[in-house]
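A, B, C, D and E label the chains in the order they appear, each numbered from 1.
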Amino acid sequence: MIVVENLTKSYQRGHFALQNLSFEIVPHTFTAILGASGSGKTTLLRCLLQLTQPDTGKIWFQGRNLNQCSALELRQARTQIAMVAQQFNLVRRRTALENCLGGCLPELPLWRCLTSQFPASLLREGLAALERVQLLEVAFQRADRLSGGQQQRVAIARALTQKARLILADEPVASLDPETAHVVLRLLRSLCDQEGITIICNLHQVELATQYSDRILGIQAGKLVLDVPTHQFSNSDNDIIYRTHLGSI
Amino acid sequence: TPTTTQNSNNSPEVASLTRLTFGVGPYFPIPNENRKQFEPLFNALAEQVNLPAEVTVADDWIGISEALRSRTLDVAWLGPWGYMLARHNDPSLQAIATVKYKDKPTYYSVLMARADAPFNTLEEAIAQSQQGTKLRLSLADVGSTSGWLVPQAEFKRRNLDPKVVFDYNEGASHAAQAIAVLSNQVDIASDYDRNLDVLTDEGKIDKSKLKIIWQSEPLPNDPIVVRGDFPETIRTQLQEALVNLPPEQAKTLLPKNYTGFITSDGSNYASIEQAGLLVGKLK
Amino acid sequence: MTLPFTKSEVNRVDNFPDLNAILATEQRRQGGVWKLLHRSFWGVLAIALLIASARTARVDLLQFWQRIPTVGEWLSRLFPPDFSELPIFFEAIWETLAIAIIGTGCAILVAVPLALLVARNITPVQWLATPLRGLLNLLRGIDTAIFALFFVSIVGLGPFAGALGVAFHTTGSMAKLYAEVLESLPSEPIEAIEATGSDRLRSFAFAVLPEALPGLIGISLYLWEFNVRSSVILGIVGAGGIGYELLVSLKLLDFPRLCTILLLILAMVSLIDAFSAYFRQRLN
Amino acid sequence: MTLPFTKSEVNRVDNFPDLNAILATEQRRQGGVWKLLHRSFWGVLAIALLIASARTARVDLLQFWQRIPTVGEWLSRLFPPDFSELPIFFEAIWETLAIAIIGTGCAILVAVPLALLVARNITPVQWLATPLRGLLNLLRGIDTAIFALFFVSIVGLGPFAGALGVAFHTTGSMAKLYAEVLESLPSEPIEAIEATGSDRLRSFAFAVLPEALPGLIGISLYLWEFNVRSSVILGIVGAGGIGYELLVSLKLLDFPRLCTILLLILAMVSLIDAFSAYFRQRLN
Amino acid sequence: MIVVENLTKSYQRGHFALQNLSFEIVPHTFTAILGASGSGKTTLLRCLLQLTQPDTGKIWFQGRNLNQCSALELRQARTQIAMVAQQFNLVRRRTALENCLGGCLPELPLWRCLTSQFPASLLREGLAALERVQLLEVAFQRADRLSGGQQQRVAIARALTQKARLILADEPVASLDPETAHVVLRLLRSLCDQEGITIICNLHQVELATQYSDRILGIQAGKLVLDVPTHQFSNSDNDIIYRTHLGSI
């Protein structure tokens, strides 16, 4: 599905946010990425989508090299990849439902985007996605008037509406209470199992990662320090990911 | 242009004329006044040649001159200086008549001061200004014949630079000039003789509190100008209509005190052209 | 892991990192003295410029204060306003409004795509932005009057030439101000929409427009209002309107008439302002 | 829990909520027909206004297109530019710049506090905002020329009166545009600082200014540039500068001279634009 | 310390975000607020600080009625209360360190705020606060270039620098990895124990709440459904908070 080769990114000279990462994601799997705060998880996801330009390294998606393809090809690839950003990045002045439809703009004629006259079939799809994240009640509320967890779920619903083959979720349950977090992760898991969607998910809670993922990648200070199937994940692996970090306190 | 080929050339042109467009500059200071005062004349003229009239009032010669040059305007009432500038811009313009004011085709540019000023002539004023504190001189807008061009030419003739000799300012309106002198905002200001009469008539100024320290040679009154390539036949018709305007009709068609037109071929504006050349604004 | 100071420094001090040392390192890194010099250079330049300007402009505050009391007298000359020409003024206002509407409307149509191409954060073609900025400067640098004159030779004297002049000149200002609004938008939501593979135009319509609309409307109405106010110059192509009436009153020193026109313009400006406020509020 | 539709509706449909029903309810709630009427009313009004304006402005696109080819000839008259008076022009430019610097500088000083009081999201005294907006409209509505003439009666003819006129008139525009920038800022960081018990001014300095600065600088430089360009009008108080020279060239139909002045103004506008871009970039 | 009486807030007519809440917070205690996403936790904290105007009800802080006091008194009260917002709300164009100083502006003369010339003593305090949340390394990085978890910790450091008597923290560890989350909560706990600072903290992870707090308030759909000392908190209480919520899925 996606192949990363020697990915390196540094924002400031001499300090690497990502250093020489290589891995391959098999289709229809659920991969969790663990790592301490500031270790480079968000940067990695953004590099995959070319939202941040990697310094060196290659990224292949469905056999296409995303670093070097044309703008049009990149756009086509991006329609296949949905992203749930860490800060949600909703359009503040649009309703939750409209924000969901943000996932399927390429299908819409321009005038509908301009006048916000979305076809009913699409609205129904958006509502269905909102229902899956338990947000039907606030579907018509403006995004900047939603609670933190509601915003996060709208971002997830937007990714669902996009009907992508790959979902990149950046801490999708950080602002959710435990019950809702499970609902969301169960949802992602079932997408993976039943609809064959590939999922890459940054997580902070190790239990959730072990419970829902197929494979765990561990990042520490920009380096890939762990890559194991979830059932092999052990407490010592946990230490590998977070230990040195604690050592530097 | 040779008159023999006239008719064959003109007929299609005449046919293509569907209306006559007239332009008039800022003769009266209030825009609506301009329209009211000049529209009857232009309408009457157009009637003479059986064409509808369209009148535009602009507040400067620039627009009119440009429109004449680009042939989007047919006939215009210009100021003498405006006419020279426009003809400089487009030599194919032709003056066809000069207007008469109280039966005279000429007027004067003047420089005035307060009646109690310690100088009586321009020479004295210059001398005083060069020795003591500078006198304040105000000329009118650069588009004005009497208020700017002619006094400028006079200074040039005397080899003086008014900006050096005086505390110089330009751009005032004619209406404000006399008032500026009377209210002691300036010491010397330019104007034309007729305007002082009008202001006195309207009770805006008391002429006896002013004195004239310099008066120009007679200047030709405003011309009626037609654009280049204007059909010869219509031009002649217009010229005749203007010149033969009966005095009693002139009273109703023209602004107050204007009594009719004399024919002109532009040659009576030579003095203006010379002044323009002298101040270096015509080449 | 971004370290403005070397890692060893942090480790060395361990549990009690030397905060002073860190501060000093950072100040060194920012180049203390050099930066100070740099700043003071600009500061001195600015002050020198200001003083020179004050001299050229012959600023004389003393005289100003001393003569302030004469203000009342000047103001008293404005009263009472002369309402006798009101119908004429209303006509002039409408003419001005109409020219401004057509001119500003056309400018909006052209300025929106231009602004999209010129705003650094959303332009799809970076290399085009600089020449286009030059074009905008050109449009801004050439006065309405000159454009109007230019169009006289195409469409003849009259309000149309004026409207065209307004349209061309305003386009420059409008695209510049629009671009400024667009550049100040938060980039994240736009990026999020682009990350779904949507193209520039759709992203703009979906994510940029709703956020930017209040600002864009504010600027459009401001420029419309500005065009109404500044119609003075259109007199030269025979499309004077209320601005020209104002200038005439001023030149004739006809203060009561001036007062009436000022009152009318004020009413108009306030109306447009209220209209703008209403519009922007409805968008919230 | 905000429910645009009744709770029973959600419960009734339980696991398969009727999405169509929800959509319909929402449309009803938004008042479908009524809203449509409302919208179409505004639409019709706007179109009617546009048509009326086009008539008043005597828009005639046909003629426009037909005569477009004459453009080249007009432009050709501008060449070659006449550089003989360059020193005079440079002096005039400096004079204009100086007046604009003093005028705009003063306007900035007054406009910042005014904008703070007027911007709806940060004003500390809501009831003051409306009268102050009126004051701004007044300042904007009264032309530079009128202010300048007014100040002539106080400080006499000359550039100082012009600078004062520029300052007063610009204050109105500047405060309005500043307020617009301030109103478009995200409110959360400001609120976060106010939540620490800090007063308005400090919150402004700490949280608003860094975010707003690029926008404010852009507007200030735009208005400075604008004042430089529009110095035409100051000729009447004896503070002509480059704008007046331009007007004179126009009036004398001296196109080569006009061309030189246009080139100079263009250079100036481009410089100011580049300056603005440089400044704003340095802030990032 | 703080007394809440019959607090009610509704954003939309007929739908209450908070309904008739009353409780009293004892000084020097650590109170955790639990509740499903959208239950009104953020609204509650914002109402305490008067950032959101409550509809009815009274809020007393140190004997002063915050609803009715003058603007000056409110400002004085606010200097005593620090808030860690859910979305961090940092000033994007200031560095992490400068953002920390945002907590002590009232002590500073205006010109220092304007020119960003902060006194060295204050900078040291800011650095010390950053150090406590393990952010020394990015002290001079602009806030909008920090990772999500780093931003969250800067917001916490800002609250520390404010030296308030009461800290309201809205999900302060949502974006943090487990190790860092414990560091932060330990820090808050020690502030409470050693410096006598009162802490009210919205949390999503029940384990963290039971581990660090003295008392747990449960909010469900805007109503206070639970108010127990932490050592009495049981699994059934957990159900009370989240159950009905799940029932409506």
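Here are a few things to note about the model shown:
One rule holds in what follows: a residue touches a chain if its C-beta (ideal position, glycine included) is under 8 Å from a C-beta of that chain, and two chains touch if they have at least 3 such contacts.
Just so it is clear, the structure is predicted and the values come from calculations on it, not from any experiment.
The chains in contact with subunit A as well as with subunit E are C, D.
Within the contact network of the assembly, the step distance from subunit A to subunit B comes to 2. More inter-chain C-beta contacts link the pair D-E than the other of D-E and A-D.
Chain centres here are C-alpha means, and the one lying farthest from subunit A is B. Centroid to centroid, with C-alpha atoms defining each point, subunit B and subunit C lie 40 Å apart.
Shared interface positions of subunit E, defined as residues touching 2 or more other chains, are 11, 38, 87, 138.
Of all residues in subunit D, those touching 2 or more other chains are 1-3, 10, 70, 74, 236, 250, listed in ascending order. Taken residue by residue, subunit B touches two or more other chains at 60, 62, 66, 70, 172, whereas all remaining positions touch fewer. By the definition of touch given earlier, these chain pairs are in contact: A-C, A-D, A-E, B-C, B-D, C-D, C-E, D-E. On the side of subunit D, the complex with subunit A involves touching residues 1-4, 10, 17, 19-20, 22-23, 26. Those residues of subunit A that touch subunit C in the shared complex are 11-12, 15-17, 38, 49, 51, 75-83, 85, 87, 89-94, 102-106, 108, 110, 113-114, 158, 162, 221-222, 248. Partner subunit C is touched in their complex by these residues of subunit D: 49-50, 52-60, 63-64, 67-68, 70-71, 74, 94-95, 97-99, 101-102, 105, 133-134, 136-138, 140-143, 145-146, 149-150, 153-156, 158-160, 162-164, 173, 176-177, 180-181, 183-184, 186, 214-215, 218-219, 222, 225-226, 229-230, 232-233, 236, 239, 246-247, 250, 258, 262, 265-266, 268-270, 273, 277. For subunit A in complex with subunit D, the touching residues are 120, 123-124, 127-128, 131, 136-141. For subunit E in complex with subunit A, the residues that touch the partner chain are 11, 34-38, 42-43, 86-87, 134, 138, 145-150, 153, 170-171, 174-181, 183, 204-206, 242, 245-246, 249.
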